[in-house]
Each structure stands twice: as structure tokens, then as C-alpha cells.
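The structures come next, written out as C-alpha cells.
Shared chain: chain A. Partners: chain B in the first complex, chain C in the second.
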Partner chain A sequence: MGILTDETQRNRLISLLVKYCNKLCALLYVVGLIGFLAQAYQPLNAGTYFSENALLPGLVETELPNTLLSALTYRSELEEVMKKEPSSSPNKWVYEKFKNIGLETYAQNFSVIYPFRSFNKKVVSGENVYAILRARRAASTEALVLSVPLRPLNDKDNTGTGGGIALALGLAQEFKRKPYWSKDIIFLFTEFDHLGAMAWLDSYHQTESKFIVGNDLEARSGPIIAALNLELPLNNVKYFNVKVEGLNGQLPNLDLVNLVVRLCRRERAQVRLHNCLEDKSYIYSENGDSFDDYKKALTTMLKMMWHQASGTPTGNHGWFQKFHIESVTLEGVVKKRSYTIDINTTARIIEGVFRSLNNLLERFHQSFFFYLLPSTSRYVSIGMYMPFFGLMALCGLLKGITLWVSANESSKEVKSESNEEKSEKVASAEGQGDEQSSTEEKTKEKKEEENKETAECIPEVSKDVNVTKKENVTEDVVEESLAGKGLISIVPVMLVAIMLGWMASQGPELLTHIMPNFRIQTEDMLLFSLLAIFMSALAYPKLMKNKGSSNILSLDWQLLKSVALILQTLTFASLALFNISLSFFLTAVMVPVTVVVRPSANKCFRWLQMFALLLISPLSLMYIVGLISSWPKSSALELFLSAYDSCKLLIYLGVTDTHLFNAWTETVMTACIFPVWLLFWALPWIDVPSP
Partner chain B sequence: MHNNIFFKMAASYGYEKVNTGPANMLYFTITIAFLVVFQPKDVSSNQEKVEEFFKSDHTNNWAVLVDTSRFWFNYRHVANVLSIYRSVKRLGIPDSQIILMVADDMACNPRNPRPATVFNNANQHINVYGDDVEVDYRGYEVTVENFIRVLTGRLPPSTPRSKRLLSDERSNILVYMTGHGGDGFLKFQDAEEVSSVELADAFEQMWQKQRYHELFFMIDTCQAESMFQKFYSPNILAVASSRVGEDSLSHHVDPALGVYVIDRYTYYALEFLETVKPGSKQTMSRFLKVCPKDKCISTVSTRTDLFRRNTTDTLLTDFFGGVRNVELLTETISLKKKETNVKQETCSQDSCQKLDANKKKFTFPDQFPKIYF
Partner chain C sequence: MAAIGAYLSGILGLVLRILLMQTSFPKWLQTMNEVVTPVTAWDRVEEGFSLQKEFVSPYSGDLLHETPLALRFLKTAYYVPFGVKGFFIMIDFFTMILLYKIAALFKDSLIREQNIEKKKYSLKAEKLVLTPEEVSSLPTLILTVHAVNPFSIMTLLAMSTASLSNLVTLAALYYFLKGNQLMCTLFLAVSTYQTFYPVIFIVPAALQFYLLKEKEVNPQYESSKSYWSKEAITSYLQTVGLFLFFVTFLLGISYLYFEGSLDFIYSTYGFILTVPDLTPNVGVFWYFFTEMFDHFRTFFVCVFQLNAVIYTVPLTVKFAKTPFFLLYILLFLTSIFKSYPSYADAALYTSLLPLWRHTFSYFRNSLFVGGMYICCMVLAPILYHLWIFAGSANANFYFAITLTYSTAQIFLVTDLLFAYLRRDYDLYNGTEHKNVDGTKAAIVLE
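Right, the complex of A and B next:
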């Protein structure tokens, strides 16, 4: 007999579970957390390898000249052009140059409509330039993209991309002479970085966006197989960063990342992830298991997860991933007075990447789509990190189930007791009921008869009625207490929580439309409206308490917590399927608090719980993210202020991205995490009789 | 007309006649013609030489060369098969007797930096896809079904002669296969595979249908040995590039192409074949040892238990060449008349009339020859 069918066995298991639940939960959480973070330890993860046979990375020798003179000339020309007009991007110049090379060159105009009504309403319009190199002996059925963002020289926030532009021109000139292309190569230059890229991609795939409107493309090629985005400054660079994180935490196929890394290594160019220097020992096994190596790898992995969790792409490659186009960004980093990689080396790397991609016969599908990178050459696959994440998530689920079981049992006891009482009462009531009915009949008759008679009889009748009334009242009380225990009792709380979540996700935008034109920046507007909703949400247990009779927030806290925990686990588990990093961070922070929190008679404990819950509320998590991202600051005040600013910006970007690019992070936080958190927030407000 | 006369004479000497394919008949007839025309005199002392002359017992050579894999990164397999094609053609098997199956067109692949060529070496000495290549089955025509049908001769009637294996019981056949294999199978294209059992059964059918005299099976793939382990038909000599559990490795990359251009086993086999001339006395035993472990890295495996002759006495050209022995003798040889129980089926004007008298009604021949049942 299996555990599932054997009632006694099952009961024993359940009783064991209930008995050791807390210890088990703690164990699961700790094991899960440690196990997850231990994945960065070298012996526990695996070296990257190529799954796709067709790529044949680095087998082909370069056919570029030793010094790519054309790229150098373009670079110096571009520098002059950009210095002349430092505030505009060199669209015209790029367009002319590609025309001169003899490629099909087109420009695409696009405009971005601001999603919010604001006092400084602006419609941004820009121009993308793209050129198509048609493969001579193939039928334009597939394409590769080399994309470079066009940035003006005086763009303070971003580094220049002049090197990328010059290189693309130089390579286009070389590539054009070659007979071996099996796929068209599209050279794409996008204005305003992601906005231009999104507009072009939308037009290319003929998808429509409400806010980014691009003109129709004059010419296109086949489905895009892969894209490489370049962010190379005009100067020679010290090392490369390979950026992988895309929209909503999507990642490119690991084969493409491997390809870029392998070809950089082949040209002896240093390649890093998020500027993290890595030791050779860590990459090439053997002695990579020291604690120092582990610390470095863990930092790299956490940085990667941090960026993935944000759900915002780290470069222009991220927008391609939305269309199932595998893509990475190669960013060149300049260090003062030290450079190792000149434009020729970079050219060879890119040539190698494109020749390998040219060999592809099918879309990337062989290697991993879900992975974490503790280094450029080692990876943690979904099969390795998921079980540990599962343990952490299971902690909440286990507690939830245990509470459900015990809540059911206690309510059963109550029910059975009350049932006994009830049946007794029903039995007695039946007898009385007969009498009553007979009395009623009698009274009717009597009423008819004695309508005009004396009032002597009336007290007798009213006495009877009083008796039945009393009985009815007692029954009602029993039912009421039962309703307080049942699932129905927590429905109002859940409805309110979901309503508030909906408000948080829709409110800010609605407010910007409804509100009269205050002279407030949209960033502030969004933050304040969210704050308002949050503050009002904080008060909801209090309000619900006061609304009812004196009898407090009378619901089964165990049931509420159990449902909340199950909901929370469900949310995190489904979130983990598309953005493991976000899910991991949320689980790591929220689960310990939410598992522990419970109503308490002890005021001190109650306040402590409320504080902890506040700390893990979505809004304060946002602030903490702001704190971490603006960490090194001279004074504490400065830190808090800049954290406030970056938090504000974060929320603004989150909401904007949701509208412009269909990013999910903001929606997940407001519409999923926030309501679940609100359920927990109600817990400490429930009064329990002090022991 | 002359052919007819010679054939009659040959038949009267008691040699088993050739009843399929005019080309085969031509070879045989010419051989006999030489013998007859030069009327040897000294009979007894040359009897031995004649024995040696007909030692291999085969009268024609065929080759079935198969590349089963497609895609640009499998360039080497196409180069393998085309190199072997080039060698057997050079050694004398004519295009009409070679069935060449190539699963992908590397020469015209847009990724090929040198269009219309296939090289088997980074030095690019020889374009194996040169002027005179007849591919019989190409691209998606290379399927397991077509391959088995070609071997067993069960092709639809509309199939042209050039795509048929018109061998007979006096044919020596070379079967060369290359591609991606595993334990007990060889992958065809990207969709199907032929199993070792299927292949063994196909060869058995060939034997029963008297479609070969001797067969040399050569395969260059991973775990290649597994492909001949299931063979059970007589007169098969087999060599494989690797043992079960071993990978067959490629030889080198052409950096200008960016792909591996040839596999190790085939590379060393070719190196050996290049030294062989049409009249060469190289034996199969030397050919079987062509790629020792330090060169191939995988272990070359052979199977000789089904083969009746000793490999040290078997000429390489028995399988790789199409050249008949021609010796000019000044003496007369009287060839012993062999007893034959095969009915005379050809006739001259005189004898035909006699035959006509007791002419039977024609019926379709049995699928399998009766003599084996």
C-alpha cells in the first residue's frame, strides 16, 4: 500500500509534518539558499561548451587585412563629423557612407509617443539607418544583424559608439567582397538606443506598438537568426564586456554567448561579465576551487542575476530577444592610458562571429536558454539551480500546507462539537417545533377566535414566540463562528488585497490622465501616486477591523496565512520560470518573514513583525534596490538621497517600460507581489486572546 | 556478330556464361577472344597460369559509394566519398558501374568560398569535384529506401540504368559508406538511419539473388565496427574505421574553408590508394592495415571470417579496379571442358530452330533462384 492510499500511514506522515514543520522549514530554506549560492563554487558548476555543431567557431582563418585601413579612416572621419555637431547623432553621415560602399541603404523615421499625460508632453522622433548586404548565392531567406546605437558625442549618460560605427562600415566594405555569405547581413544603426531598435524591430516584423510608431521599412530580408550589438567607443579599449540580460530576464542561447567569448579569447582579447575580472584558474578547472575564486565567481553571478532580475535589458540586444532573435552586446571598456585591443583585433573577432553564424543551418536551439553565469566560461544550468530554488520555495508551501491541515482539523473539531450540539438542539427543537407549530396554529385559531377576546392569552403566545426566538439566536451564533473559520471569511480580505494590487498597477497611469495638470514631473507623480496607494493599503486591516462590529477582524488567521503562503509560493514558482533571478531575490528576502509572521498578543513582537513586513514590502524593496545601486557614497545622507532618486527613476522606468516595451517587472511587483504581501500584512493585525 | 561467335566459343569451353549486362558480357568475351585468337600451343605447362588467370573468379567490378550526411559542417563526408570515387575511377571502374550517392551539394553551398569545387586537402591539390563526376543519387534522393533498393535491385521499372546496380554472380562489389553512425546504425540525412541488421539482410538478399561474387564493405564513421558485426552472407570482406564505443576522427581543417575536409581513416586509405596503379599487385591484407592506431587514433577493425580467400592472396584491384587480366600467350592452351548443368539459352540460326521445336511458354522467373531452395 502506498503512502497516498493508506490512511493511517498518511495521517502519521501528516502528524509528523505538523510536528516538525518549523524545523523542516528552516532547514529547507537554509539548504536551498546555501545550495543556490554554492553553485558559483567551481567544482559544482560546469564549463561551457558548444552544443551546436554547425558553428565551427574559430576554424576559419581571417580574411581581413592586417590593418583594416578603411575602418581607421572612417573612424577619424567620424570623429571630425561628430566634433562639428556634438549634439546630434551622425545619421546622415552613416547613410551616405553606406550608399558609397554600394549596399542597399535605407532610413526609417519613427516617433515615440509619451505614454503619460504630463505638462511637458513630448513626442520624440528619430531616424534609424540600415543597410542590407545581400548574400550572393542564397535567397535572402535568413539574415544576421550587426547593430550599433547612434549616440551624439555629448551624451553624458552613455559612452560613445563611434568605434562600432567605424568598424561596421569597415567590415561592410570587406564583407561585400566575399562570396561565401549564406545569410543577408543587416547593418543597423538606431537612434535613441532602445527606442530606435524597438521601432525598427516592430516595423521589421510588422508588429504594432501604441507608443513607438515607426514608418514601414522599404526593404527587408528573411527571418533574423542572430544579432550582435556593438558598443565600442572611438578609442582603443582595454577589455570587452559581454552583456546578455534581456527584456524580462530573457537570455540568449548559451551557444551564442560561448561563441563571442571563444572568439574574443582566440584573439587574446580580455572578455568579462559586468566588469568582473576572472582568473584563468577558475575558467580552466584544476585549481579553481579556492575561496577567493569562489568569492569572485559569486560576485559575478550575483551581478548577472541582479541585472537579470531588473527585467530591463543591459543593452540593445535585449529588444531582439523579444522577437526570438538570439543576441548579445559586446561593450568595449576604455581605461585611461592602458589599452590592449585595437580596432583590427575587434574587427577579426566580429568577422569570426559572423562567419560562424553564417555556418548555422537552424536557429539556435541546441544549448541552454536558462542559465546563470558565474564566469564567462562556466555556467549553472537550470537543472542545477532549480532544485535549490525549489527547496527555498517549498519552505513557504510546506508551512502553508501544514497550517491548512491543522486549520482544517481544528475547524473539524469545532464543527463536530457544534454538530453534536446542533443535533441535540435540533432534536429538542423538533419537539418544540411541533409544539410550536401546533401552538402557532392554535394561536391563529385563537387569533381568529380571540381577536376580540381578552388579552390574557397574548402573554402566553408571546412567551412561546420568545422561546423560539432565543433558540434561533443561539443557532445563528454557532453558524457565525463557523463562518469566521471558513474559507468565506478570508474572501473579503483577499478581494481587497487584489483590488489594491490592481490599483497599484493601473493607478499611476490613470492618475496621470485624470489629474489636472499639476506642474509636477512625471517621475514624482508616479512615485507619489504609488506612495498614496501604498499608504492607504497599509491601513486596510485597520479599516476592515473598524467596519465590522466590535468583534475585531474575526477570521481564521491560520487559514489566511496558509492561503497567502500557497499563493506566494505559486507566484514565485511561476515567476522563476521566466526570471529566476527576480524570483530568487524575492524568495530569499520575503519567505523568512512571511513564514514567521503571525498574530500575537505580545505587542513588542507584533510591532517587530510589522516592521519586518514593512521592510519587505514592494515599495521598500524598490528603495533598497535604489540604495544598493547607488551604494558607494561619501555620507549617509547623500546615499539616502541618491537612493531616493534612483528609486524614483527605477519606478518611472519600470512603468514606462511596461507601456513602451511590454516589460513585466512593474506589473509583477504591483499586481502579484503586492496583493500577496498585503495578505501577510493583515496577519499581525488580527487579535488573538492573550494566553 | 563477332561477339556472338566468340561467346559461343567461350560457352563451348564450358565456362559459365554471363547473362546480365552487355558491358559484362563484353569484358568476358574480349578476354576469351584474346585467348582464342592467340591460339596457345603448349598446353600442359600453361595450365597453372590459366588457373591463376581466373583466380579471383570475378568478371566485373562495381562500386557503391555513399555519403549519408548533409549540411555544410559535414563537408568532410562529401570529400571522403568523392575521393574514393576518384580513386576507383582512376583504377578502372567506369562511371556506368559506380553508384555514387551524395547527400548534399557542397560545391554549390553558398558558404563555400570556392564555388563549384570540393577539396579533400588543405593544400587543395586535387579538386575531387572536378570535370567528370557523375552523381547518381544526390540530396534528398539519398535515403535508406533508395540505398537498399539499389543494393537488392528492387527499383521501379522507370529507373534509368545509370541508377541501377546491374551486378551479377560474377561481380565484385565495393561498398563504401561514410556519415554519422552509432552503435548498430548509420544516420541517413537528418531523418532516418539504416541499422546493421537491415544492412546484413540486404547483403543476404543480394547473395541469394546472385548479385555479387565478392563484396568489400568499407565504412568510415563513429562506431563503424557495429555495422558489419551482423553480416552473415558469404564472401564479404569488411573494414571499419573504428571499434564500437570509439569515435572516428577527422584529419584536418582547411582554414580557408573553415571546415574539416577529410576523415582520418579515409585520408590514410587514400594515401595508400594513390600509390596503387591499375596493374598493381598490392594485396588487400596490406590495405586493411593502412591506418594503424597512432595515425587513425580510432582502432581500425576488420572482418575476414566470411571471406573465403586469404586476404594476402587477394589483389586490391579485385575490388578497387575494373581492369581484367590480359596476358598474351604464344602457346596454345587447351581448356578443359567443364560439365555444366545450366541449360543452353543462346542459340545460333541452326540450333535455334531446333530449340523452337520444344519451346516452352515463357513465365516470370522466381524472385529467388531455385537452386538455393
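Right, the complex of A and C next:
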């Protein structure tokens, strides 16, 4: 209990803290940031390894024929079918083929009701096809999923997945003959990518969604242990991308990622993360410590973090993770006229993955769930990156605590004076004869002493406190009530911030309910409504100021800032638990500004602060994200315009994802980050008399 | 003036609760282990009703852990306007009234006791002496704190039946302060009957009624009469006797109500004492006993249960003169160490915490403790989600948070104890402490 009860020690600590706060904060931030980014440097991170011994990757001998003829025929058949009807996905054909193979095959209809009354696509309906290969050695108690999205040929935004479909058919035919399966294998083909996957998963687990309504499934298997999602075009696959980022920043167990990567390597197929080429030296951990290697690794890690931060899955695997199913996507990237990976190799890889998964005795639990990948074969675990993130976050917390202490001391100062006057009054009112004079003398002495002490003790308390002390003489009553209230004085600001945050998160939905049908696109409408809320929120310090007398915002800015900083740290810390990347980027961008910002008499400085705060406001951050995602453009104007478009799309997707899939990014930004930011926004508006 | 403030904050609290009841928030709260425990879940009560309807004993199986009379009483919830929601809002309304009255009684007793003791106070302690004006706002303050207390709001929204037991405990506190021995022991008995742990509150109650009697006989109350004198023992026995009578009475009625079956004893008190349900909650039991080998279980259950009540002894020795403070501390400690604690217990003691506002200036760790509380409230659902739904975290994450929560509570209660003792010390020795050589001295609790 030493530190909790021993006052002298604590006071020493606090005075040290107050003295060196700014330097310490800067140091913490810089060390944290550099330390975090340095994790990509090869000597600082670790090579991946298998924790789960049951997987035994690559130990079984492949039982596939050298050339998987069936897959090749399926591929050419599919090519013809899709060319015939380039605008529809080949569900019927897939269904028929699976029936012919002799598996239990079912179709599931689903419809999606878009939120916000989007006119053109109000209800979308589609059909999933799935086939279950029952395990011979078990009673359908566990299942594995091989999922392939069905995409029509003329889908411009996405590459085709024909290769995956053909492969799944070919593999199903082969797998069916094998006696060794101890887990059911479900071949799942989903229409409209994520919508179909979500509908099927919802029905499989009998959860209900308001917007995606799927028919009941005719048959199901046991709990799904793992899923592999394939996005393979028909031919000319140059290399694979392994995609891991899931919903709300969730990641699959590292063992599964390792498994896929290891088996790709075994078949001499190139595997990358987000198209980042890796040097052999880095892969096999030979001298990967040159600066070039570091740059490459850092790019890979940042790309991975960038995708994770969005909170939207990079592929269909993400929706499985929502149901506690470990899953990754294997994407084939096309490059013509070069060495390509043939379909047999891919088939062997997938066979290997499924045979390893077949060995599992328990759910994935051994390896990491929280990690960052600077390459496919290196990882940064939570134990490595969290401390450095903690340092960055601590910077804000430290400043907050320091401000709290100094705010408390300044209010105590005011309080003690008023208290003494009161006690004098009490003493005189009681009037206990002889004692009275002596007590009065004593209190006077004490008062003088204390005044001296307080003056000596707290030279660090900033100038404006001294000013309030001077004002104290004239406006004694007002000051006393203000100081006494303390926390209560900042309650109105906090309430307004919370209300505005609530409006920002609920506003778009409410507005679309109330508003008449303007003929504008949903994307525009969402952006404009958010913009309107944001603009009105910007004015709130001004409005609160004009309400009463000249200066109603004369609240204790130190207290406000300290509460805001503490809340900000709490938000980032809890965000870091489920989406470290988002939290890292926000901390890296917001903390430097929010720690520095303070009321100022200097107009120039004040405007500068406001500009900086605007720059880190959630909406401008969104725009910056749009800017970065559409970076290489020929002219600046084009860049800004396309950034505007992608920002709009981003917001639209964010809001709809919240409704359709229960994604949290939008809610976090509007209901948590935005109110906290508003607290800081009030700071430069507070008047302080010029020194 | 104060009355208007009280009305306003009362209305604010009720409106806030009614508004929040219309959202989807209560549904989520009802699934939160921090708010609802197997003993207090409303779902389970409803299951009990339907079992009764089918003429099955509600205590067959491991479903219902309410006491029979509470179950009977809760049935009235359906006849209140606006149904169950209206019932719980009504309970909260009564809670507010009781809190207000308790605060009003408490501030009077505070001033009264101060007036008796004043002569002994140090001359250097005038700053600490309370004036009636200073404490006059106490009832309004208590009411305001309750109105915005997130713990009590969550408890109410989740429709935890603990709000009923809290109400009974508050009634006991009210009559405790009022000096009504009969009613106080009655409500203590009801409270004990409901949740068992309040059985230790009989210690402060016995002390209180003895002291009150003493004061009547001897208003100056100068002589420090022995706590083991003949009169004292008689008084204790009287209080305990009344209490036991009421408890037996309640158990007897329950026995008759269930047509001569004692099944409910195991389902209620057995459930509380032997801790068979290890669903995670904010307490210290669940994690420990999931790890425990079965043959040690009995021993450690005894140790843990003893831990919940053992502090009565040292605290009684220390605070025999101030039974109400003793009662409050015991209330606090049982809500930390009981077998199925929830935010409902926190709601009770945090709403009452401002009663000790005069000691707040001696608090050392308010920021630290406050931060811990807020962190726990935010992180607990997140870590639970990561553990149960996302599957990426594990039980240790959530346990860490419940441990932090318990630690925060312990810090708060030690802080309060320390502040109370420090203030007491300062009252008798002055606010300034000097060493022998005249330098300023610091007081250290060791």
C-alpha cells in the first residue's frame, strides 16, 4: 500500500511528473511510434512456427493423380457456360455438377433488403449452392468449408473465380473416394460474394438478421472448424495472395495462415501478402536485416494494418470469423505471359490444407490470434507490439493525469481560502469567550503560513490560474462556486458532445426515415447528412458561449482537457483490443495534436490549433483515407476528385456494413471518436486573458 | 430550494430510465454477466412462473434461485401499470424515496453526534466541523448521484431482481437510522432471507440499538460504558432474538407456501453458499473454482465464504462507536466478496457513497479508483465478446478485468476507511501535525 498511502513519496512523484510532463510525453510518443514501426525489422520479430502439432502440414503423401483431368474438363465446360451467359453466375450449372458427382447438394435462396431506401437496388435476391461430403469416419460432428464466390463473367470490379469452382468440383470428386475424412467437407458457392456468404452462415447458425434474409437450410453438418475461401481465376495464376483480415479487425489463428503459406511453399508456388514481393533472403531468414529489406517488410506490414484498420474483410473469409470459424482466403493473381501455377499444383495445396485440417483434434487455439505480419513467414505478436502502442497511448494519459493534478491543486487553492473565511465566521459565531481571540489568531497565522506554502509549492500551475486568483478578490462568490463545482462545470460540454456523437451515429438512419424522397443517391445523402451534423457540431462551442453572459465557457479548461485525454486513451486502449491497426493509426495521428492543443490568447496560435484539430476530425480523416487509397493520379485535381468519390463510397460502405453485418468501424468513429474529438474542439474556443 | 432540486433530480432519473427502457439497451444488458447473475436474472423468474403454472416445483432443476416469497411477490409485477417495466420503475421510485429519507436522517444524526462530541475536538480542527448548511444539500446530492449512477441504471434496465433486495436493504438502513428496532430487524430479516449475506448486518444493528438505549438513559453519554456489560448483552440478545424470530417466521411461511417442502433451501441458500454455478461474473469466485480440483473444493468454498464475512470482527472492534459506518463498510465488503456479485451491489453502495462526503477531502486515489471503475465497465463487455464470441481471447482476459474491478472496489473501501479515520484523528488532534522538532509531519497509515 506504500504508494497509495504514503503522501511524501507520492508528492515527489507528482511534482516530478508535472515538471517533466511535456518532455516525457514527447519522448513516450516518439519511442512508441518508432518502436512500433521497428517491429517490422527482421531481427526484432520472429519467424512463424506451428503451435498445433496435430496439423502435421505436408506430412501426408498426396493421393491426387498427377494431372487432375476432371478439374481441367470442368474448367473448359465452365468457360463455355459462362461465355454463353456472361451476366449471370453459374449456380445452376454448379448445382447440376455436384448432383452428378453424387454429393448431397442443396440450394438456398436469400434476399437482401438494403437499408436507407436505396432506390435502384432495394431488394437483391440470390441463390447459394452447397454440397456436403459426409465423412465416413465420424457422425457429422465437425465440418470444414471450402467456399468459392460465384461471380458472373462480366463483373468488372472483381476478378473471376472460375478456377476455384472447377477446382472445387474436381477435388470433390477426388475427396469423395477417400476413406480417411473424419470431418464433413462443405463445398459452398455463394452469390454476391459477402451477401450470400452472410446469408448462408446466418441460416447455418440460425441467427437472424434484419436485412439479409435467407431460407432455412435443408441440411447441415456439425460446427464448422475452419474454412478456406478460394478466389482463383480460370487460368494464368502467377502467384497467390493470402488474405487474413476479417470483420472488425479480427484475424484467423496464425496456425491456419502458416498452414496455407507452408503448403504453398512446399509446392513452389509464390505466396504473398497484399501483392508484396518477398525476397528469398527474408523468407528463409538469412540476412534480412538490410535497410531495403526493412522497407519492404514495413510496407507489407502497413498494408496489412491498413486493411485490418478498415474493419471490413478483404474477402469472404471475414464473415466466417464472425462465427468463430478460422478462415483465410487464397486469391490467385493473374499475370499474363509468365510462368503460371497450374491447376494441379493448386489442387495439391488445397488437398494438403484439408488433410491437415482433417487431423485437428480440437479447435484452433494454440497459436496467436493477435498479430501483425511483416511478411508471410514472420510475425509480430501482441506481446511485442502492445508495449509500444501502450507507450504511445500513455503519452495522452500522462498529460491527462498531470493536468488533473494541476487543475485540482488550483481549485484547492481557491477552496482553501474560502474555507478559511468560513471557518473564521464559524468560530466567531460560536463565540466561546476566551478561546475566540486565540483561535482567530491561530487561524490567521495558519492562513498566512498556508498561503506561503501554496505559493511555494505550486509555481508550476500555469499563469491563468494566477489570473483567476487575482480576479478572486473581486468575484469571490462566482469563483468559489466554479471551483467547488469542478467536474460539474464540464458536464454540459460532455453532454453536448455525447448527444452529437449519438446523432452522428443514428442521424443518417433517422434522417432517411424523416426526409421525403429526394432524387439523390444514397451515397450522397449519407455524406451530406453526416456533413450537416458535423458542421453543426463545429459550431457548438460558439453557441454555448453566446448563451449566457460574455464568457460562459470559462470552465476549467485543464479539467476538461484532462478528462478528454483520459477518455481518449480509454477509447484507444479498448479499440486496440480488437483492432490494433485502427487504434494505432488513430493514436499516431490524433495524440500529437490533442496533447498539444490548449486555449491561447494568441490569435494566430489559436487558428493554427483549430486547423490542426479540423485536420484530425473523423470526417477529414475519412477524406485523407480516400486520398491515400486513390493516391497515384496524374493531376492534383483528379486526385482530389477521386478522393472525394472514394471517401463517399467509404462512408456508404461503412454505414451499410454496420447495418448488414454488424461492423463496428462506423459506430466507433461516430459514437466514440467523434464525441471525444468534440471535447478537444471546445478547447481553443475558451477565452483566456492575454498575459 | 433543496426540495425542488431533489424533485428535479428524481424526475431526471426516472425520465432517463424510462427513455432508456425504450431502446434496445435493456435486451443487451440482460445478457451481460456483469449486471445479471443466476440469482437475480428476470428470465429465470419467468421460467419459475411457468413451471409453477405447470404444477412443477420451480426449484426442481437448476433454474430458479429466488426465494419463494420473492417469487410470489414478483408475480404482482404483471398487475402493475405498464407491466414488468412499470414494476421495476416503481421499485426504483421507492428506492429514490428511501435514499432521500436516509440522507435526511443521516445528516441530522451527523450534526447531532457532532454537537455531542464537539467539546473534545481540537481547536485546530474548526475547518472540519460541519455546519448544518454544509450538509443540507446531502439528500439532493444522494438523489442526483442515484439518478445518474450508471450501475443503478444498468441494474434497473436489466430488470435484475437485485433491485428488490437493494430496496429491502435500504429500508433496513432507514429504520436503522431512525432507531426503530422492530422494523429494522424485520427488514434485515427480509434482506437476509433474500440474499443471505445481510445476516452480518445484525452486528452493527445490535450495537446501534444498544447505543441508542444508552443515549436515552444518559444523554451526555460521557462514560464509556462497556460493550460487555449486562445491559449491553441483554440489548444484543433482544435485537438478535427479534431478528431470528422474523427469519424463522419468513422461512416458516415459505415452508407452508410450498406445502411442506424444503426444496427451496438448497436452491437458494445452498446455491449462494456452495457456488455450483460458475458463470463468469464480476466476483472472485468463478475463476478460482473452475480451476479447482474437486477434493479441495469444499475447503476453499468455506475459506471464500468466510472471507466475505470475517471482516465483521475486526471492523466491529474498530468502529463499535459508529455502527452506521460499520454497516456501510460491511455492505461494501459483502458486495465485493459475495459469491454472485453484480453491478446491482455496486449500485447500492455507490448511491450511498456521498453520505461520507465530509471525508472526501481525505481521499487519495479518487482519480485512480475512478479510472479503474470506468476501465472495467468499458473493457468487461469487450473482453467477454473477444473470449466468448470472437474466440480470439480467453478466460484470463475477462478474469483480469474482474480482478481489476475487485481491486478497484477494495481500493475505494480502504480509501474510505482511511479517510474516515484520518478525519477522525484530525478532529481530535487538529489539522496540523508537527514533529517533536517542529517540522511538518505526515501521517502514514501502516
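We take it that the second predicted complex is superposed on the first by the 618 of 691 C-alpha atoms of A that agree within 3 Å, B and C clash if a C-alpha of one lies under 4 Å from a C-alpha of the other, contacts with A are read in each partner's own complex, and residues count from 1 in each chain.
To be clear about the criterion, a residue touches a chain if its C-beta (ideal position, glycine included) is under 8 Å from a C-beta of that chain, and two chains touch if they have at least 3 such contacts.
All figures in this text were calculated on a predicted structure; none of them were measured in a lab.
In the superposition on chain A, contact of A:8 is made with chain C only, not with chain B. Of the two partner chains, chain C is the only one that A:404 touches; chain B does not reach it. By the touch criterion defined above, A:180 lies against chain B but remains apart from chain C after alignment on the C-alpha atoms of chain A.
In the superposed pair of complexes, A:109 makes contact with neither chain B nor chain C.
Looking at the superposed arrangement, the partner reaching more residues of chain A, out of chain B and chain C, is C. Contacts of A:60 after superposition on the shared chain: chain B is touched, whereas chain C is not. By the touch criterion defined above, A:566 reaches chain C but does not reach chain B. By the touch criterion defined above, A:141 lies against neither chain B nor chain C after alignment on the C-alpha atoms of chain A. Once the two complexes are overlaid on the shared chain, A:577 sits against chain C while remaining clear of chain B. Listed in rising order, the residues of chain B touching chain A in the complex are 71-73, 108-113, 115, 253, 255-260. Note for the complex: chain A touches chain C at residues 1, 4-8, 10, 250-251, 321, 324, 363, 365, 369-370, 401, 404, 419-420, 422-423, 426-427, 435, 438-439, 442-443, 446, 566, 570, 573-574, 577-578. Per the touch definition, chain A reaches chain B in the complex via residues 53-54, 56, 59-61, 135-138, 178-182, 355, 358-359, 361. Those residues of chain C that touch chain A in the shared complex are 123-124, 126-127, 129, 131, 364-365, 367, 371, 374-375, 378-379, 382-383, 385-386, 389-394, 411, 414-415, 418, 432, 442, 444-446.
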